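Below: one structure, written as structure tokens.
Labels run A, B and C following the written order; every chain starts at residue 1.
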């Protein structure tokens, strides 16, 4: 069967600012299956980060609000459950790793303090056991002299180490789901490779269900099982990674794939998608992508495309296929 | 290339005029802060009061013992008067009159007139003393930042020393030594209050030197002169304006405090001096203490509102 | 690991402090010498007013204080005297200046301590609350009130409090009594209005600084991380955000000491008749008792110097980013 561990249905998260309503997430559907790595792909501003934050309701709540939608996890609906229930899930059942390890760690607390804090919050361990557990985790993440690192402060570690610490911290309570928000974006290439290795191992050894957010299709190809492409706050195409790369249906997805530099050619311009990401306060009418779409039709500027099923595992929202 | 002074002045004023769009931009941002606008309105009112007020009010130095301790308009108090001949106290009710709308003090002087001339004093002290402090602080700050080396070191050590003195204690000491004339008070406040300004100007100048837009301008071939006048000064001016606006209240309060403890210039009717006399007649004439205090409070408040609004307007990172 | 580094830093700072101390003494000396009337003149004017023979006393003083000697010798004498604890003679109270200070400093200390505690405790709490509830009506109210708090002239506030509470309402009429123990009930009652007077300005400052320091940190990424760990909000704010906000706050609070607190305490003591250093300096001014005024200024300055040193070292010790570099 489907084996879905997390199911997001028609999620809409809006930000009510003084300059207008920002429809950051405007109708997103996807499901995360047990043991798989699902990638949320898209340019910056497409709403993928806010989608991830919405799962654990971590966005700033005075301007932001989930206006509709359902996020099913276990027996709960995460969009409607109480803060208390949400806090029990955060860090324990569903954990999140953030983009810039640089600023994601508290600069005035030791690494050990920050990890142990989380362990003791969710697990019934005393300080010594929690500490041992933390040290074990750090070593598993490939951090040398883990015991000494426990008393370090974040600024004493390199970028790659910090990222590992963040991942270790997120795994400290054996979560069922790991949400990773662009963990490879702010690091250089060598560290990127190391981090991807970690994620591969996580999937292999722990069968971790991962929601991996990125704008980099190359990363998707390396690490994802399935992918959901997002644009303008909506999901536009969902399929397995191999299917999406070899047989993209949505013009935006094809555009993204074309953007990847072709190392077989030594000359020629780099392809790019013309235009810029839409202003989230003033989205284009109809299909959000239509101003930049090479295959635009009349109906695209008037009606939003419904979701079409191409095959059992391949869905697309585009008028070309309705 | 040596430039003649008149040409230089012309160039700078031309530069400032061509920057009206910039000035307008900052003004728009400031306007959105309602408190700042209120503050500015009050300050303008105060300036007007100080400039033309004295022509419309009675003479504040005229003492009229018949009319001493009259309450302000709308208030009625009981005064007890001692009659030497009968050795009795008789009580009499006195109400405020339009002739002395803010009442009179223990010597029968008109409160309104005193408050108005006090406005003049406070504003003058505020402007001049702040001016002195700013000029001194800016010179030291800029010199320190640009000359660097041992000059910077020496100037900053000197600033540290002066900064360690508690402002008010040093002021009291200086006035005690040199005597409480208004000129000295203004000078003393200016000469003791420049330290914070020097620090701020120096750090801003230092950071501006290495900021990318300066480096970019130089890379594009701009001369030192152009860099200083076209890029640095507009950035520092906004800082100076904000500092000045926020320093004035401290200066006004310093003069008032000095007067309050009796170290003010007795020949000048400042709000502090009125307050000082007022604190001894709280029982009989409370308005003498209340009125100058309210004026001081509102003035300081106005400058604080305005200064805060200006600071937000000039800061590109704050969304106004 | 970083322990010897800290010791080196402390030594460096101490040397620097000594240099500044000398600078302070020198400037004070210059001020006194440059003044139109020397300390002797003021003393003599006092004597003359009481009808004593001036010329003879003048000669004696000049001989004793070496006022006829060259400047640098006077400077050395001055420094020497200070270090030996000879801070001059207060003729208005007929005792050595040092004794005067010894008997009165405790009252200033008590006033400043109580006011600081009052201001810090309330101020930080309100500041945190205001920051967390930014853009709400409560935040706007507190912000507006803090504007009022820093704008109200503290000497006028004192007089107003006396007017309202003592004169009109008849409360708080006790005066500070030095014959009673420091923390006796009567004395504490007498301190209520002074503490409010001195504390209000400080309070408003604390609220503003805390609020802005908290706001700076509330938007940072590690706050989201802390929430994502499942921590209750009060831990997120109280442990994670606050520890980051407190660091710069310490330095700012200490800097205020010299500019706001001492001046305010001086005025508050005078208004409420608290027999602290401000009060005796004030009395000395009108008795033309030069040495006392100079001494109080110097004491205030050295306390500021000391507090700056302690704060600097404390901050350096507390901020891990500086410590382990």
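Definition applied: a residue touches a chain if its C-beta (ideal position, glycine included) is under 8 Å from a C-beta of that chain, and two chains touch if they have at least 3 such contacts.
Given the structure is predicted, the values throughout are model-derived calculations rather than measurements.
Peer 1: Classify the inter-chain contact topology: is it line, ring, star, complete, or other?
Peer 2: line
Peer 1: Between B-C and A-C, which chain pair is linked by more C-beta pairs in contact?
Peer 2: Output for the comparison: B-C.
Peer 1: Compute the centre of every chain as the mean of its C-alpha atoms, then state which one is farthest from the centre of subunit B.
Peer 2: It is A whose centre lies farthest from that of subunit B.
Peer 1: Using Cα averages as centroids, what's the distance between subunit A and subunit B in whole Å?
Peer 2: 55
Peer 1: Quick check: how many Å separate the C-alpha centres of subunit B and subunit C?
Peer 2: 23
Peer 1: Could you put a whole-Å number on the gap between the CA centroids of subunit A and subunit C?
Peer 2: Result: the chain centres lie 54 Å from each other.
Peer 1: Among the residues of subunit C, pick out those that touch two or more other chains and give their numbers.
Peer 2: Within subunit C, no residue contacts more than one other chain.
Peer 1: Subunit C touches which residues of subunit B in the complex?
Peer 2: 35, 157-158, 160-170, 172-174, 176-179, 249, 253, 256-257, 260-263, 275, 278-279, 282-283, 286, 289-290, 292-293, 296-297, 300-301, 304-305, 308
Peer 1: Touching residues of subunit C toward subunit A in the complex: what are they?
Peer 2: Within the complex, subunit C touches subunit A at residues 135, 220-222, 224-232, 240, 243-244, 247, 319-321, 324.
Peer 1: Within the complex, which stretch of subunit C touches subunit B?
Peer 2: 19-20, 23-24, 27-28, 31-32, 34-37, 147-148, 150-153, 155-156, 159-160, 162-163, 167, 257-259, 262-263, 266-267, 270-271, 281-282, 285-286, 293-294, 296-297, 300-301, 304-305, 308
Peer 1: If you look only at subunit A, which of its residues touch subunit C in the complex?
Peer 2: 53, 56, 58, 62, 87-92, 95-96, 98-100, 103-110, 117-118, 121-122, 152-153, 155-156, 166, 169
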